[in-house]
Structures are given as structure tokens and as C-alpha cells.
Amino acid sequence: MLRGTKSGLEFVFAADAGDAVLSDLTARLSERPDFYRGSRATAIFQGAPLESDAFAGFLDTVRAHGIDLHGVYGAAELGPFAERHALAYLGEPPRPVVTSLGQRRPRKVVAALTERARSLEADFAGAREDIARRRARGETSVAKPDFAKAAAIRAGAASAGPTIAPPVLTVTPGTPATLYHRGTLRGGQILQQIGNIVVVGDVNPGAELVASGDILVFGALRGTAHAGAQGDTAARVAALELAPTQLRIATCIAADDVKHKAREPEVAFIRDERIAIAPYAKAGLR
Amino acid sequence: MAGRRIVITSGKGGVGKTTTTANLGAALAKRGYKVVLVDTDIGLRNLDLVLGVEKRIVFDLVEVVEGRCQVRQALIRDKRFTSLHLLPAAQTRDKTAVTEAQMDALIGELAEEADFVLIDCPAGIEHGFRNAVAGAREGIVVTTPEVSAIRDADRVVGKLKERGLPHTLIVNRIRPEMVASGEMMTVDDVRDVLRTEILGIIPDDEEVIDTTNRGEPLVLDPNQRLAPIYLKIARRLEGEKIPLTRLESQTFLTKLFSIWKAG
Amino acid sequence: MEAIETEITAPVPEAPVGEQPVAPLGRAIVITSGKGGVGKTTTTANVGAALAALGKRVVLVDADVGLRNLDIVLGLEARVKYHVLDVIENKAELDDALVRDKNVDSLYLLAAAQTREKEDVSTEAMIGLIEQLRARFEFVLIDCPAGIETGFRNAIAGAGHAIVVCTPEVSAVRDADRVVGLLPHDWKPELVVNRLRPALVRKGKMLSVEDVDAILRLPLLGVIPDEPGIIIATNKGRPIALDEHSPVGAAYRQIASRLAGNDVPPPTVKVAEPGFFSKFGSLFGGR
């Protein structure tokens, strides 16, 4: 199992884990080759260590994806195993950390979203409006942001080209935590989080949720929600009643036409560069 | 030439500032002017609801002032009148997020592009009021024929005078039948108390609540009996001399007002 | 009209108010709404009058410094000699500043200053004043100004409970929701829906109480029907709550009775069909 925590990624191997688990993880990493690049990670063994050669191969794959797997948690017998693979032995597996913020108390976590993220939000929306205006005038020469070139610039491979920086999106080091909020979020209240947001209660019109990851509302979402606020186009917004004033995922905005009467849980996600909404049960989510 | 910068204010809340701003703006736009409506009620914005554009807000006034986006990015263009624009207030901030100087500069910038900048003022006479007035060069005071509304309007008229802003009055929610039966003050009563030139008189109409809830300025609907009234006010604002439509003639309660005015 | 003119010459009664210290302290309740003009002041005056008519000792505090109106609604503007700021700044004794209502004996008003600014009142001073009043009255009703600025913060500072007044309009509901979010989190505010016109709700042209509840999710303290008569009563300075024949008055008396701790059945409104916003239901309630 692969999971993200406050301190980084964790590869968790259950007591009965075998080589199949390793190939699963390998496959999952290759699905999104660069997604975890730059992350720090640990391996947690809940039982005996895996067969050494298979693990060495896995370790290579992990490093090839730019993940810094630096230590191993597990029973004392893992010590020599870690040493063999030139990893630090970190001791007993840590107890699962559950971030629980704002029990009843709506809390402004303003500092959580960086200035850069806010300005990013500003940039894309302005850009979208410009594009719309030019299209209305019949101009078609609006260049799409060149993500490949952006990546190249980031890697230092490209020489100084045009000085206008394309929207370069990076996953913040330190994998997201989840902000958990219980109670109705009233108009004017705002939750911002690097990571996911879970609200148990209603989100009223005029309230705002901004997350770099997913947003999940166990209640009616009637305010504004922005998932993937730092550019994660795989982010989703799900609610028992999805009736938002406005939905934003990464750089897409949906409004005006999000009127509908579904009385079942729904999820919004990006499909073909537009926000799509589907019944939660049918969306085929993990 | 720079456009006119008009604050729409009242002191008391709920007398129809926002509805008046929206409808007057739509009326001016319908007459061909480029109009920008500015919602300065930071934290309690409503003008977007009245115009039916709340779902289209991406940026707001505070973000413009803080330099996070450009003015034109924050302006929302009305779908019915392309010359009508809204600069929405921020909902998740408070009134101290903007200073009077910033507001003045912002409204000045808008007035360079627009013929009319109508500033919807928050209720009360606190920070939000001072901000809204700071950007204006003239004022429209909205009041209803109720003692409490007029007392608050009187306070606001005083504040506008202190700042040397020329101003006119709109008397909202007159119920002619109640005026006729002597149960409601007349427009003359109101004028006598406030000693301010009257720009318009608007009768009470239950359709207002409905159109407000649905986000449609009623100026757009020729079947609305208030539509021609707002259009007339718009023409008066342009400087045309149109006599006021008299809804009543009786005077009532003037004496009462002279008492507290004197005291 | 007449009543007011005669009152101008009448001396301010020097009533010794609640001389013996009372235990326990009275309840301080703020009446707030966010949006202006939804009926905060009218509600304060009428609920206060109805409570006083039940025999409770009640003081109404106008926290709308600079834009006071509670004195007008009660028809007491000519009797006001001193105001909240005079008391806070020790320019007047509390007893001299309290104005006794001319309709009900156990109802008093502490007026706001008209010529001052809300920033002139410090939160600490307000808390102290309310504390003082709670020692002498069973109910301290605080009429909050519109908006969410300094005046609002001062008004809620001394209170321990809130009544949120809201009309069945989208903008009023939004603003009420905003205000509830700014109240202390351990409060359980109660809702008064004001100016409901059942006929309009039936036609789908006004939000229903259920529509309002779908957003606000607050316990319903009362529903006040809309009636042209309310404006007349406001202008004449006699709270409609004292009018035995008015359905509006009856609604206020019910609220008062509920606040006084009596077991009153929850307000019911006869509206045949749901309003057009009823589709906004929700699976989770409460704050």
C-alpha cells in the first residue's frame, strides 16, 4: 500500500505481503511517473521483511521515479535487512497519525496555502478570461501553456527563452495531510489546506474550500470549492449533495451550468479539460 | 472625460440600496452608457445576487486592491447588457482589508473607462461607509418613508455635506394607498426633513423581492411597473429635467419630524 | 402623535430600578441579523415589551451608536437624556440614563449615542455595562447594528445568547448565515423569520420557512407574518406586541413566552406548497 502522510510517502507492507505487492506498487508508480518526484518516503513492514533481491529491484524503481526512500520501520529483525539495502533503520512502525483539526470550531488556516498558490490561482483565471475574450474576437493564436518546456526549464535544460513563466506546477514537498472539519461552514468562512479537505456538515453559499488535493463533503456543498488548487488535475470534489455556487478543479472553473437536481452523492472531476459531474456510485472511484 | 463616481448610501440597512444600485445601473446601461457597479459591502456582499452573477465571481475588489489580479479580470460583465459590469466585494474578508485611499484610486481607475461608476455602500456609518464614500464625487441617499430610515438618512446627509459631496434623494417603497389614508409619510414630509433635492420616488412593489431572489433586475422586464420609474431616474441623473411623478399629495407627520429635528 | 407631544413636557420619572441585587444574573441576549432593515429593532422592542408584559424586568440596549432607532420605535426619543456612552464615560449614572417605557412598567431603554461613532465604545466597557445590567434585570436585550463591523462586535461582546432575525429573502439568509458564523462557537442561536407572506410563498415568489431552515439550520424561535400594520406601529411608537388583536403581536408574545421558559408549541406556518428553494435539502444539520 502507498499512502501519503504529513512527513512524506509511506510504503506499507502488510504481514502477509509478497512479491505481488511489489509489482502492484511498481505498476502504480509507473502510472504517474513524475507525480511523486522529490518526495521523501519510508517503508513500513508490519511483518517479516521481503525477499531481498525483489526488494532491491523495487528500490531501484522507486529511485528511478525520483522518490527518496530513506528508511525502514519494522520489528528489530528489520535492522540487518535495512543495512543490506543501505537504508536507515527507524525502529518500530509509527502509530498512524490522524490530523484532526477544528472539531466544531471553524478555523481559518490561511497560512496553509502559499502566496505562490494564491497568485497561481489569480494567473490562471485571468488567462482564461483573456483566452475567452480573444476567442470571442475570433483570434485563435492563443498558445497553450507548454508544460513540457516548463519541465525542461525547471530541470535547467533549456536556455533562457521568453521570460513569461508558464504555469509551472509542482507538488509541494511533504505529502498532504487532510483537514477535517465538523459542522456547518457558514458564509464567509474559508478553509484552505495543502492536502485534502473533509467536511462533515454543510458548506453554505459564500463559504469557500480551497485544497491542493481532494475535497469531500458529507453534507450539502452550496458554496465554492476549489480542489487541486495547485494544479492537480486529478483532484476531485465529492459531496452528498453537490450544489455548489462555483466549482474549481486545478485550472478549470464550472459555474452557471452546474444547476441540477440530483439527490444522490456526486463527484466532480476533470474530463477532457472540462469539469464533469457524475453520480458517486457510478464514477468508478478507488 | 472621466465618468461620474456616485455612491448610493442610506445609513439604515434594508431600505433598498442594493436593489436601487442594480436597477439604476441596468437602466443607465440600457440607455447606452458604460456602467460599473462596485459592491463595497465586503463580508456581506449581495449585489452579485441581485444581478444573478454570483456563480461567475472569480476575483473580487480586495484582490484587485491587493494587486493579485487586474481590474478587468475581476469585472463581471452582465449577460443582458454588455455595457453593465460588476466589481464584486470579497465575502471572506472584512471591511478593514481596504483603505479609503485605495478605494479612491480604484474608483478613479474605473471612472476612466466607464461613464458611470455606481458604488453600493454598506449599511451603517463605520469603516465600510467611509471607504465607499471615499471613492465618490457625488451621492444618492436612499430612504423609505419611515421615521427610523429618515433619521439615519439625515445622519448620512450630514456626513456627505461634511465631505462636500453633492447629493440627491431617492424615496423608496412608498405605498400610495397608505399615504392617502394618512398612515404613511408623504414625499414632501421626507423632503422637508432632509432638505435634499429628490431624484426619484419609487412605489412599494412586492415583485421586488421576487426579482431580487431570482437575480433579475426588474428594469429588464417591460411588464414591471417599476421599470419605467428607474429609467426616468436614470434620465434625471443624466441631467434631463423630468417632473417627479406625484404619488400622493397629503402631508402627515411633518410636525413630528420638526420636533426631533429641532431637538 | 398626541402621546409623544404630551410626553415631551412630562418629567423623566426617577424610578429606582431593581434596587436589591438579584441572583442569579439575568440573560443577556443580542438580536442580530447581518443585513439591515430586516426587523432587528422592531423585534427587540416587541419581544422586550411582550416579556415585560409577562411581568419580567427587561432592559433594551441600543448598540447602534450613531444610528440609533430603538427610542423611536418605542416612542421614547423625547425622553432620552443620557445614552450608553455617557454611562460608560461616567458622565451619567446608569439610573439616570435608563428610560422607563410609557406602555409597560417593567420595560426600560438604554439609548445609543446619536452623535458619536461606534469606534468610541470599547468592547471591555460594553461587557462591563451589560454585566451591570444583568445584575438588575431578568432580560437584557441588545439591539445590534447592521453589518459585521465594530458595532456588531461590541453588541455581541456582552451577550450570552443570540436571536438571529432574517426575512425570507436570499440576501437576508446569506447575511444571517455569515453572522451565525461569526458568533461564538458554543452559542446556540435561535432564529426568528420575519415578514413572512404566506400568500407569496404559496405562489412560489417568496422563500418558505423550510427554505430558510435548509441553509441556516437553527432552532426556530418564531415566525412573524408580514402585515402593513407594523409600519404604523413603528411610526406611532407603540409596540404591536401589546395589541391583543394583531396576529403579529401574538407572534411576538409567543416568542417572549418561549424565552421566559414557558412550554410553547413550535411556530407553525400554514403554507400549502413548498417554496421554490425547498430543493435545497441537506442530510446533515446543526452547527
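Just so it is clear, A, B and C label the chains in written order, and each chain counts residues from 1 on its own.
The rule is simple: a contact is a pair of C-beta atoms (placed from the backbone, for glycine too) under 8 Å apart; a residue touches a chain by one contact, two chains touch by 3 or more.
Computed from a predicted model, the values in this text were never measured in an experiment.
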| item | value |
| --- | --- |
| Touch-based graph of the chains, sorted into line, ring, star, complete or other | complete |
| Between A-C and A-B, the pair with more C-beta contacts | A-C |
| Distance between the centres, which are taken as Cα means, of subunit C and subunit B, whole angstrom | 27 |
| Approximate Å spacing (C-alpha centroids) for the pair subunit A, subunit B | 45 |
| Centroid spacing, where centroids are CA-atom means, of subunit A and subunit C in whole angstrom | 48 |
| Two or more partner chains touched - positions in subunit B | 43, 91 |
| Multi-partner residues of subunit C (each touching 2 or more other chains) | 174-175, 178 |
| Subunit A residues counted as touching two or more neighbouring chains | 187-189, 205-207 |
| List of subunit C residues in touch with subunit A within their complex | 174-175, 177-178, 180-182, 185, 215, 217, 279-287 |
| For the subunit C and subunit B complex, residues of the former touching the latter | 1, 4-5, 8, 34-38, 41, 66-67, 69, 72-73, 77-78, 114, 117-119, 145-151, 169-171, 174-175, 178, 197, 200, 205-207, 228, 231-232, 234-235 |
| Touching residues (chain side subunit B, partner subunit C) in the complex | 11-15, 18, 43-44, 46, 49-50, 91, 94-95, 122-128, 146-149, 151-152, 155, 175, 178, 183-185, 206-207, 209-210, 212-213, 253, 255-256, 259-260, 263 |
| Subunit B contact footprint on subunit A (complex, rising order) | 118-119, 122, 125-126, 129, 187-190, 205-208, 245-246, 253, 255-256, 258 |
| Subunit C partner contacts - residues on subunit A that touch it in the complex | 104-106, 183-189, 200-202, 204-207, 218-220, 222, 240-241, 243, 261, 263 |
